[in-house]
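Here it is: the structure, laid out below.
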Amino acid sequence: MPRIKKVLVANRGEIAIRVMRTCKELGLATVAVYSEADRSALHTRFADEAYCIGPAPSRESYLVIDNVLEAAKKSGADAIHPGYGFLSENAKFVRACEKAGVTFIGPPASAMDAMGEKTHARRNMIKAGVPVVPGTDAPFANFDEAKAFAAKIGFPVMLKAAGGGGGKGMRRVDRAEDLESAWRTAKSEAMSAFGNDAVYMEKFLDQPHHVEIQVFGDTHGNVIHLNERECSAQRRNQKVVEETPSPILTPEMRAAMGEVAVRAAKAVNYVGAGTIEFLVDSKRNFYFLEMNTRLQVEHPVTEWVTGVDLVAWQLHVAQGGVLPILKPIQPRGHSIEVRVYAEDPATNFMPAPGTISYVRVPSGPYVRDDSGVYAGYRVPNFYDPMISKLSVWAPTRMEAILKMRRALDEYVLTGITTNLRYLKQILMHQEFVGGNYDTGFLGREHQKLLGEEDPALTRASMIAAAVRAHQRAEKAQAQIAKNTAGTGGSGISPWRTAGRRQAAWGKR
Amino acid sequence: MPRIKKVLVANRGEIAIRVMRTCKELGLATVAVYSEADRSALHTRFADEAYCIGPAPSRESYLVIDNVLEAAKKSGADAIHPGYGFLSENAKFVRACEKAGVTFIGPPASAMDAMGEKTHARRNMIKAGVPVVPGTDAPFANFDEAKAFAAKIGFPVMLKAAGGGGGKGMRRVDRAEDLESAWRTAKSEAMSAFGNDAVYMEKFLDQPHHVEIQVFGDTHGNVIHLNERECSAQRRNQKVVEETPSPILTPEMRAAMGEVAVRAAKAVNYVGAGTIEFLVDSKRNFYFLEMNTRLQVEHPVTEWVTGVDLVAWQLHVAQGGVLPILKPIQPRGHSIEVRVYAEDPATNFMPAPGTISYVRVPSGPYVRDDSGVYAGYRVPNFYDPMISKLSVWAPTRMEAILKMRRALDEYVLTGITTNLRYLKQILMHQEFVGGNYDTGFLGREHQKLLGEEDPALTRASMIAAAVRAHQRAEKAQAQIAKNTAGTGGSGISPWRTAGRRQAAWGKR
Amino acid sequence: MARSTKYFVKNLAHKADAPAELEVEALGDGRYAVTFHSPTPSPQGPLDGKRSELESLVLPHGAVSMIVDGQSYNVEFDEKGDEVGVLLRGQLTRFDVADERKVRMRAATAAFSVEGKQMITAPMPGKIVKVFVKVGDEVKEGQGLVVVEAMKMENELKSPKAGKVTEVVAKEGATVENGANLIAVE
Amino acid sequence: MARSTKYFVKNLAHKADAPAELEVEALGDGRYAVTFHSPTPSPQGPLDGKRSELESLVLPHGAVSMIVDGQSYNVEFDEKGDEVGVLLRGQLTRFDVADERKVRMRAATAAFSVEGKQMITAPMPGKIVKVFVKVGDEVKEGQGLVVVEAMKMENELKSPKAGKVTEVVAKEGATVENGANLIAVE
């Protein structure tokens, strides 16, 4: 394969910056694409070249394959890194890149096909001997089959649509007598959502742990794993805190899950960075959930404990290189990542776009901030509101927790509402500190995680607020005095003075 | 020893922040001291408590033992971390802390005494069997002794004052016929500088490498070393780039130097973090130069490759803890640090204090910025102009160099003159990349390191400058149009308009 | 302005509670004395009339470095309309801060009912600095009608409703008493 | 202002060289066309009259994001007096930038000899906007004497020396020709 010289990053924000950083280190030219809403985004400014690919909505810009490829052609980019989200798991895009003669930095389209569709992936995994959540490996022919199967695996069970996800055609059933009505509504919902009323059944796992294994393959048939990540701290089914090693894994479990993950990846001839997601039940049985055929948001924690630059490996493998390391890498120390969002945890995590007035990111030993924003930047309301991934490393888990708390206290980001305080509360919570938290943790503890006031800090804050008001009044007074003196006193138009005083007070 | 609960950091700027970060992680309260010039400094804002200890000049504030101890008393601090510089190597201060019942985080006064004075340290090391630069172990009784000794070790030689350093009473002598006049001037200079005309002689090492070993001791008699740092990139005898491992060291040399360093530290019953500095000649012989009885500026590179938080260890040992690790730590990967100064390399590194208008620090994988500044901060002209230590880690030296270049390109700091471009040129220079650079490197290559223009970038910069001028003119015009419209046109006072236009143009 | 001013600080997380009263006295050189007075017990702990002296340095980007009894607080402010968010040691607290003048202004505004003819009255003794409207003008809700100066600060009184100006009693430069009729909007 | 303006850009690392001439044309929506004209060959490479279209977005903190033929430049500026430092892809270059009006003003100033009586003259046709001094005033070197408006921009003419104003020919509002006497300082 020819050497890559110029990489177009078909993404935006912090992940585009992350990918470009490695490209720059490797001496590769970088090309950004941007929507009209992202002209001032940091990734547009950070790249060597930048091309506009359409209006703000992503389906008219970042998701338009032709526009991305046209930018690649204009710039002469010989490779495209998709980041995550957008076109990163779109097999059609992979094929279009191939046709255009541009290297897609990711797995082949065939591996995406094999893992992209739920029941298909499930069957592939069952064939490869990978444990999946107990259930049927094909849709039921009729209700009696479903009834018999439920009796066999035991309630609670999940009815799931074979044709698609997103919660549509999905029903949790706790008792046998509720099965028939759930069966009917699931089927009709599946039909209207996917035009396909096929449903299948899985054992319902109550508040499992979400543990995933990072895998990496090359074009020479080598596949290795780079240990696990614990991702059970989820709000509204979205990860907000990730760590590695998982506090619930034993070395034996890590080896077993790693072996299964490599087997799963090999079954679909996987190439590049990928992640096998598992659910782990309270008895520490683990079940295949899905494969993400791309880089993950939480890849920095793996980088911290392995010393590997995963994006550098992606580029290496995309050029036909052999994986630099072929045996398991023992994790060194502990790493935690938090996702900083422009959102308000108190109002059900409502996104809170707006203009950032000031930023000072934490730093110092073993603290890494991957962000895509800057002071004065307006976070647009068209895209995911994640503005930074903050990650830390320390020799032990407890030290990593202490370091992350310190880093969160240092993080100053004003002008918009963020989840920084909420993240700090998670890191302070005894269940998190204990390490045995499941996917129900954040939902269950929501009220507590919104935080309580420290009366001493509230008092200091009140003093600060009152003195601030006083200082502004003083400043306004000084301004008036100055203006009056400058124009000879009484001759000044009161209208003017009013205007100035108001200006001095800002928009209050 | 009692547990430390509150730490006063008797320092300022980035090192104060560095120390406080670890204290915060460990749950220790932090106390800053500040001079009148440092009321707005980041360390004053970063600490839990802050006390003013005097006017701007450090001899009236940071160097006044009584003022520091008074702040410790007021705040109830039970320990003092001295950082580096200021009182960090002052045995009198250590004794004063002891008397005040405050734990000094550093070595005992006796170890400072043993290492603080040059000839004393030299004799102590010779006694301990540590190789020193070949020379006399005591001052000469008369000139004939000196003449005979020079003939024995061979020219060139260095005549050095026994009573003090700083270049005073120091003469390089290349030929036998120059010795007598040098002898006379060195002695008279030593007398007037130190009130002591004793001189001794050392072999002159031509452009040696400066390699140092980090050592650590505890109160239980354990001393270990944490590998070396290569610090040969020096301008005006000050380190600007440091790295570990040293590119010129073999594992055997590392082991040998480490062993000698540990022996040196044990000879003075050393406790805490310390550094044994060596000169290495072209035949890779190494000689004891001096010991720094404190944390070094370049400690982050050691932290990167060992995973140790040296400040946390200092705190641990100060409370009587046993060193957490007692066997050598194999360095993992490679780390480089650069010192970012507010100075102008083109005018002989003249300090360039002033107000920082904008900062965006580099980040991303394995990049660490230890700085003590922020946008809007005025770098005062009373202290060392170092504003940040930027360090990186990578699996190999070449990758670390590439990463540092990327990080330096990312560093945006406007409003004051810095050495950022100069540092980038060092990282680009073939001699540095080759790894075999000695202490003469930066001086020899000075002109080249000031950098050359890239014509393409100069052209783009010219375009940017012209368009910028045009945009400002446009803005000024728009402002005039607005003002004119707002007041009904011709009725406006021309004086007012002029004032506004000038305001719109800033101070041009 | 007065060297000492009283501020009413309401914690927006406890809206039902009465605001705390803080008296701020400028001591010069960025030093202030703040005394807590509170009419009712408060969830912010006992507000006992204790006087704190402090130093407050305004930084270029609008944040403040405040040192109270040796405690150093790095304070960032986030302002949205009349509210101010105070971020201090990782805690963000939202307050409504008003001085006495503003409190009276608000009381005056709160007394408005927006139906029918609305008479805008002076919320405190002061001087009419500016009248923006004349009889017959169409005004929008929230549009400025008149500026009254009191306690050396100016405050703009706004129309409580959209409508037409039917009376203009206020005269620029005139001194008015508390409650004096100024402008009617119908 | 004219849609197209010529700027003289001198690289301060090569002070002896003639400045490059760049014609900047505003195309609207933050887009500009820049054409290089240079009287002499330059160390900045052949300046061949090539026209580049570009987009320049001014960011809140004063930096600029400039995209020229797809190349994205993040540009920070560092201004000190008349000089501007341009930091772009790690290279810092210092320039002196002047438009035609400013160049003529400077030529006028440069013609001054600071000994004896100095007559300040109009550097180009324009209108006297403001006269700051009257006969008999003591002035310092660099003190503003008169403001002349030309090409819709105002420029303040400063005293070349400390001394006394001996003549004031300029009248506010008057139109003056190139070279007209304005003010004498002795």
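Going by the order they are written in, the chains are A, B, C and D; count residues from 1 in each one.
In this section, a residue touches a chain if its C-beta (ideal position, glycine included) is under 8 Å from a C-beta of that chain, and two chains touch if they have at least 3 such contacts.
In this text the structure is predicted, and so the values were computed from the model without any measurement.
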Problem - Both-way neighbours, i.e. chains that touch subunit C and touch subunit A - result: B
Completion exercise
Comparing B-D with A-D, the busier interface by C-beta pairs is B-D
Handout entry: From subunit C, the most remote chain by mean C-alpha position
Key = B
Handout entry: Whole-Å separation of chain centres (CA-atom averages), subunit B against subunit C
Key = 51
Completion exercise
Chain centres from averaged Cα atoms put subunit A and subunit B apart, in whole Å, by 39
Exercise for the section: Please work out the Cα centroid separation of subunit B and subunit D, and write it as a whole number of Å. Expected result: 43
Fill in the blank from the handout: Each of the following residues of subunit C touches two or more other chains, namely 61, 71
Handout entry: subunit A residues counted as touching two or more neighbouring chains
Key = 375, 409
Handout entry: Residues on subunit B engaged by subunit C in the complex (per definition of touch)
Key = 32, 39-40, 44-51, 74-75, 375-377
Practice task
Please give the residue numbers of subunit B that touch subunit D in the complex, ascending.
Solution key: 357-358, 408-409, 412, 414-415, 421, 424, 451, 453-471, 473-474, 476-477, 494-495, 497-498, 501-502, 506-508
Completion exercise
Listed in rising order, subunit B residues that touch subunit A in their complex are 17-18, 21-22, 24-27, 300, 303, 307, 309, 332-333, 360-361, 363-371, 374-375, 394-395, 399, 402-403, 405-406, 409-410
Completion exercise
Listed in rising order, subunit D residues that touch subunit B in their complex are 1, 5, 7, 9, 11, 13, 20, 22, 24, 26, 32, 34, 36, 43-45, 47, 52, 54, 56, 58, 61-64, 66, 68, 71, 73, 75-79, 81-82, 84, 86-93, 95, 97, 99, 129-130, 147, 152-154, 156, 172
Handout entry: Of subunit C, residues touching subunit B in the complex
Key = 57, 59-61, 65, 67, 70-72, 74
